[in-house]
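Which chain is which? They are A, B, C, D, E and F, in the order written, and residues in each are numbered from 1.
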């Protein structure tokens, strides 16, 4: 049962990621692309979590944790670049 | 295990961070330490060479993990030779850098120099292919720093090219390592050689693809045409001591071609034995030709020197490509010669440029300038060395090569190219010297140049390099004796793998 | 569709993109190209240990199967080195742009004589020198 | 002295908790290490957090957290419905200006975060005097009521927490 | 040993003039003369032995494996030449002492002269042909210095360069020839080679060897068509011309012909090549000589002609001809050196060497005139002078020779040659000393000082003496030499002035008469000659060289056009070629390893990767967008690592990715935001093809690897020993810090150096052109005024401690679980970066005033010391140790020395990242016109309202 | 399907909900008409979806695998902490790029620009502090 649910969820997240890709490619504004990337990262975290449940192994949590942290930093940096040019000032 | 094997790596590894931590603003102490380190490396190198001369191959297992599982340093006659050549080069170059005040013209010259030596020594000692990559990176990144040291738009532009080309080269290195590891399951070169020998025929294509790619990567460092493009502008644009030190960098490539081919694709490799050779020769010939055409076509002395490096690499690689003990011994004689003579030429070009003000090192007449007499004498001797005329070591070097390649496939080509390019370079240097020194006697006006820094010392340093070449010539007998033994050791199918892998064999 | 095929084709596409981008005429795409090459090579090197799923190389008495740890260690080293190199080349690209006013690297607009000009170097060298001297 | 040792007591507690979560094991040793970390890390990072917002930890805080959590869940369902079934043309989006009574940056941030995570609104900007929030509402029939709801439901509670 | 000393003495002695010049010109000349005299005495001390038929040898090993040894031998041929070199050398030194001006640097002159002398002596004494080659090239080099001695003369420079080029080229040809010769003979020792004549001539390599050797001989001895350098070399001071270009150096080629005569001569090839070239040169040069108005030019072509004659004689291949050749070498040396000195005296006294301005000097310079008459007569072959005897011997051989089946061909040509020889000899003597006296000479001529004419007088006396009593004066020597040259085949030859009436005598007579007639017809003949307008070899040579250099420059600059893209294309192309070539030239069998089925998510990830890649490639001109897209690729790669059981890789990739992006964004801020379209469609196609090939290759290689199992990896050992030997369960980490800790050690050094270089690059960015550009920098995009958004600042304040804890955690667990020093270092760096991004550089840095250099230095030192400590404990470098320590309350803690190593790694990482960031933002700050903000956030309602400006240094303390 | 315990059902439900939410969030991103409207989906729905999956995982490991893992909580904490800030920064960037005339929903035929703050000052993205205020120490 969990197996099927995981598969379902993975399919959902996978589909979500393709939508993110579409938005990323499509834009039209830069902010859209940043948002799409940010969402993609969150979906990637979801994917990792699902992968762990599927494999019954908890080795990859740090990857998800780091992704959460790093995805945020990336988004902020991209935005800051749009706002100020200089991301550290 | 002989702990002295780590010394050539450890000396700079400890000294450079020390300078970084405490001595960033202490030029005098940094200089003292730097020269001291060079001297120490020379001493250690000589000691190791004396030891290697006995024919014993010393293995040092890093972290006490035996080969092929851990990384080992291997000291044989060849690596000892490279260590000593490096140290012999480093000392005068460092002295010149100090004398000319280069180390004040930017940050971190001394740590970078030491790191550069670390990378070089590591590359010469390691027995592990991936560790070789790491040391390549160390020496490369230090070389980036040194190359850019002093700045300026021209240097920076050239620097971008140098860095990018080498980054691509590093990528290719890893491709080769990946292929070879994937196909042999090992990284230790001696072990890889064994695995290659045992590999099923179906794996040969992959192994050879990896092997040739590896050789191409080494060829990139060795400025093998058409992988040489990075060199002329880089060497001509950087500071003279850096260019002089870089004279050994191309030799790293040559060394690696030799080491890698003999250990991995050596006699024991069956059908794959010596497979890189036939690919290497045409490229080496092209290198030779293009290099010396560049020498003849250059507008500036430093460019000329840079192309001379390319040309001399062609000469060296022609001999290496034959993969016979005789040709290897010849190449190994030519190696220190071409290193030291190129260094002398770069330093000399710098001295000339410094004394000619705006005329710089252009191959055009200028009004008379300071120290022209001394410099012309040094130039004459350096040109003799670079062209390969007697009485300096270039001549016996070329004779050795010509003698050794006789009778091999392609030997006649080598003859024709070496002799022909010698004519070209002879013509080029005659023109250059005459333009700089003779025509200046009759050119009106005066040069606007600040008084040269440490003129006597600089001249003495170049003279010392030339003296080293003279010593190489005079001591031809013992030197070639050592080199013949070196070649014999390299071509001994068993010696190197036995020394490196014995422990693990016993354990198995 | 096998994982192996996906990985192999990914390596190929990343490499191709890397090659194409480093052949562009400006430093910035070249840097991007180097990044692509770095991705490709990391995956490739990693692949040299073959692919397995859910067998991380964490040692345990009862663990029988594991992915080859050695290529992973190699890739880690390679990533770190590539990181340092990328940082350097990025800064170098910036610095060169600031000094030369262009990020062209295709030799356009440079005559052979210009390619050999070093006059600028000496001026800038002199400045650096005086600055370093000013420091204790 | 205490202030120097424990610049942000709440942070210390959080960090100890985080450490225990990370360590994944409840041992005395782990706890000791967690306490050490919980004390040392805030001290080390305190220069970057010079202000000490006064936070009252009490039922109000926990209540607020529970409320927000509930709102997040419902908000998500609402948005999901809108996303799935509402036509773009029918969306009654609006800009809301939320005048602020809160003054501490931490509190305002908390409020803005709450707004962003709860039904149909995303905080977009603050005024340059820091006394108003700019909020985008995805689908609101009555913007004024929405502002009032925000002030009543969240800001009022936050005022009590950040005294 | 004596022989080696004779050869080396002039070299060592070259220091003498350089050192003694301070004591004056006489001392200098004396010292030089003493050196030469000593060598001569040493040589003569061996003469009795040699004349007795003994061969004196000295053998010193030098390059034994190459066969290049200091092997000298002295036979009669060597004795004759060495005697000539040293004897005439001595005379030239005396002559030069008086010839050189006060302003001429004499020390240098004599030093060069001695170097040359040593080289020449070396050639003739070498028993080893490789050694001979060395001396051979040394003559080229030292003569280069001597010809260019007068640096202010452009003719001197050009002459020197031309001589060096031509003879140098010949020398290289000779190297080839002699090496082949050595190969055939099996030794480079002349004594062996000379014994192997038959084997040599039977070898298929004989002809190439011969051609190459002749290339050396002909260039050195100025044989047609390599003759043209010699006249131009005459720009040298006269002593040099007399010495090098008549008596010694140019004879080196002839010497070698003589030396190798037993081994090479006697074949048809030898006859036609050597004899033919010699004969043609003899005739041709004689003709040219007649029409030279410059005395030295005339003598130069005369020399060429005589060298041709010598070559012709050795080319005939008969022992008798060889004897004649040997004899004429001596004779020519005597009269030609004398004539050169004479020409120098004329030049010195009359101020010109132009025959058109000279004449009638007989009364003004009687001594010089007498000597010139005698030497000229010897050159013209008039009895009873030595030139006559050797010419007769030559004619005797010539009339017997037949070429191409035409018995008259050689005699006729020879006849023409000697006729013109007589004519130019007459022209010299008559043109300078007889005829009408000129009204004004450039300077007032009178006889030269004794020291200047005495040497030539000595030579003339010798010429006369040989002519009168050849058997007595030269007979033993000539016979001995002939025996040495021919290997005894010549037998005893009685030299005599009178051979009776015979054809040669008639020819001689005819030549003398004809020569006189020709001289009287000189004016019309000269007009015809000028009208012929034969091409000037020097012009041709210069043009060739210039064209060669030009072509070289064009080629070089065409190939190396400064385009990084071309370079990379070549490099990548070569790499593809190498790999593909290797792959295709060996067998390949597809592997059988089963593949893993790809789940849908993997395909989605793959699609993302493809999409991201396509977006970057297609949109790379929009740089900022490309950076966004590239993040997708990093993300997918990380996910791939997660899926494929490489957690450490995933962590590293994730954290490296973001730092890289941050650095790129920082750099992009100051750079153009778009790339223009610059490459043509063709270029893009080329790049596309290259990229496709490379991509296909990489994909193919990956596929091939993934489809096979391969031999067992060494990592099985790592797996098995990771816990027991390395004390950790994360095998990747144990490999990194233990099994292959040395790699990691190198890796952090790389990182450290990268940071140092970044520092060095950016530290100077505010100076020079760069500083100018930064000062004038204008943002190319509209900017929001807010620098430090409040909400971001608040969030990062919370995130920093959280991330630090995570970093610490990842660090501590690294040895057993995914993680480690590098990732931890990056995590901490990212947390700090976040702080800097949110609150600004100035504010943050004041709160974390770390010395990044020190961090890096500390990191590397700690890592190195971890290894050194092991060494101090007697273990190898980087040997690890681990211990489970029981700490109260905390319990058992695994402490590994590798942990210390990892600390070094982490510190280096943080230092490197922060250093790069620090300086990048420093540069950006310089471009910024705004003062740095001291506030952590722009909007802060809790802040007190403004109370007026305060100095920024007053800073906001915590 | 045997032996389906309450945990399995709970986990499965959470997984399904999480998956659906993640999908819906991204669907919103894909289909909404403007950035401001698109921002809502990922910020709330996706975040909650991932949260749901994390909770599922948090239950799954101790309940099914018998191993204990609380990292999920940390990830959730991170996500909930960062998602609003990300949204805020993206919105700010977008406002900055689009200007004051930005419409809350360009599809609804109502033209509407950015409102005033009502306090006399502007929005921080458009109006900064006075420069002499910048150096004020606190």
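Assorted remarks:
As a working rule, a residue touches a chain if its C-beta (ideal position, glycine included) is under 8 Å from a C-beta of that chain, and two chains touch if they have at least 3 such contacts.
The structure displayed is predicted, hence computed values, not measured ones.
Shared contact partners of chain D and chain E, listed by label: F.
More inter-chain C-beta contacts link the pair A-E than the other of A-E and E-F.
Summarising the inter-chain layout, the chain whose CA centre lies farthest from the centre of chain C is D. Using CA-based centroids throughout, the chain positioned farthest away from chain A is E. Separating the centre of chain B from that of chain E, both taken as means of CA atoms, is a distance of 15 Å.
Per-chain Cα centroids separate chain B from chain F by 58 Å.
Note on chain placement: the centre of chain B and the centre of chain D lie 62 Å apart, centres being C-alpha means. If each chain is reduced to the centroid of its CA atoms, chain C and chain F end up 34 Å from each other. Residue positions 10-11, 13, 15, 17, 30, 34, 59, 62, 65, 69, 72, 76, 78, 80, 82-83 of chain A are each in touch with at least two other chains. Residue positions of chain C touching 2 or more other chains: 18, 22, 27, 30, 40, 44, 47-49, 53-54, 56, 58, 70, 74, 77, 81, 84-85, 88, 92-93, 95, 99-100, 105, 112, 115, 120, 123-124, 128. In chain D, the positions touching at least two other chains are 18, 22, 112-113, 123, 126-129, 131. The full set of touching chain pairs reads A-C, A-E, A-F, B-C, B-E, C-E, D-E, D-F, E-F. Partner chain D is touched in their complex by these residues of chain F: 20-21, 24-25, 27-28, 31-33, 36-37, 39-41, 43-45, 47-49, 68-71, 73-74, 77, 80-81, 83-85, 87-88, 91-92, 95, 104-105, 107-109, 112, 114-125, 127-129. Across the complex, chain C meets chain B through its residues 18, 22, 27, 30, 34, 37-38, 40-41, 44-45, 47-49, 70-71, 74, 77-78, 81-82, 84-85, 88-89, 92-93, 95-96, 99-100, 105, 112-113, 115-125, 128-129, 132-133, 135-136. Contact residues of chain A toward chain F in the complex are 1-2, 4-6, 8-13, 15-17, 19-20, 22-23, 29-32, 34-36, 38-39, 42-43, 45-46, 49-50, 52-53, 56, 58, 61-62, 64-65, 68-69, 71-72, 75-76, 78-80, 82-83.
Residues of chain E touching chain C in their complex: 553, 557, 561-566, 568-569, 572, 593, 595-598, 602-603, 606, 609-610, 613, 616-617, 620-621, 623, 626, 630, 633-634, 637, 640-641, 643-649, 652-653, 656, 659-660, 663-664, 667-668, 670-672, 675, 678-679, 687-688, 690-692, 694-703, 705-707, 709-710, 713-715, 718-719, 722-723, 728-732, 735-736, 739-740, 743-744, 747-748, 750-751, 753-755, 757-758, 761-762, 764-765, 767-770, 773-774, 816-818, 822, 912, 916, 919-920, 923. By the touch criterion stated above, chain D contacts chain F in their complex at residues 18, 20-22, 24-25, 72-73, 75-76, 79-80, 82-84, 88-95, 97, 99, 112-118, 120, 122-129, 131-132, 134, 136-138.
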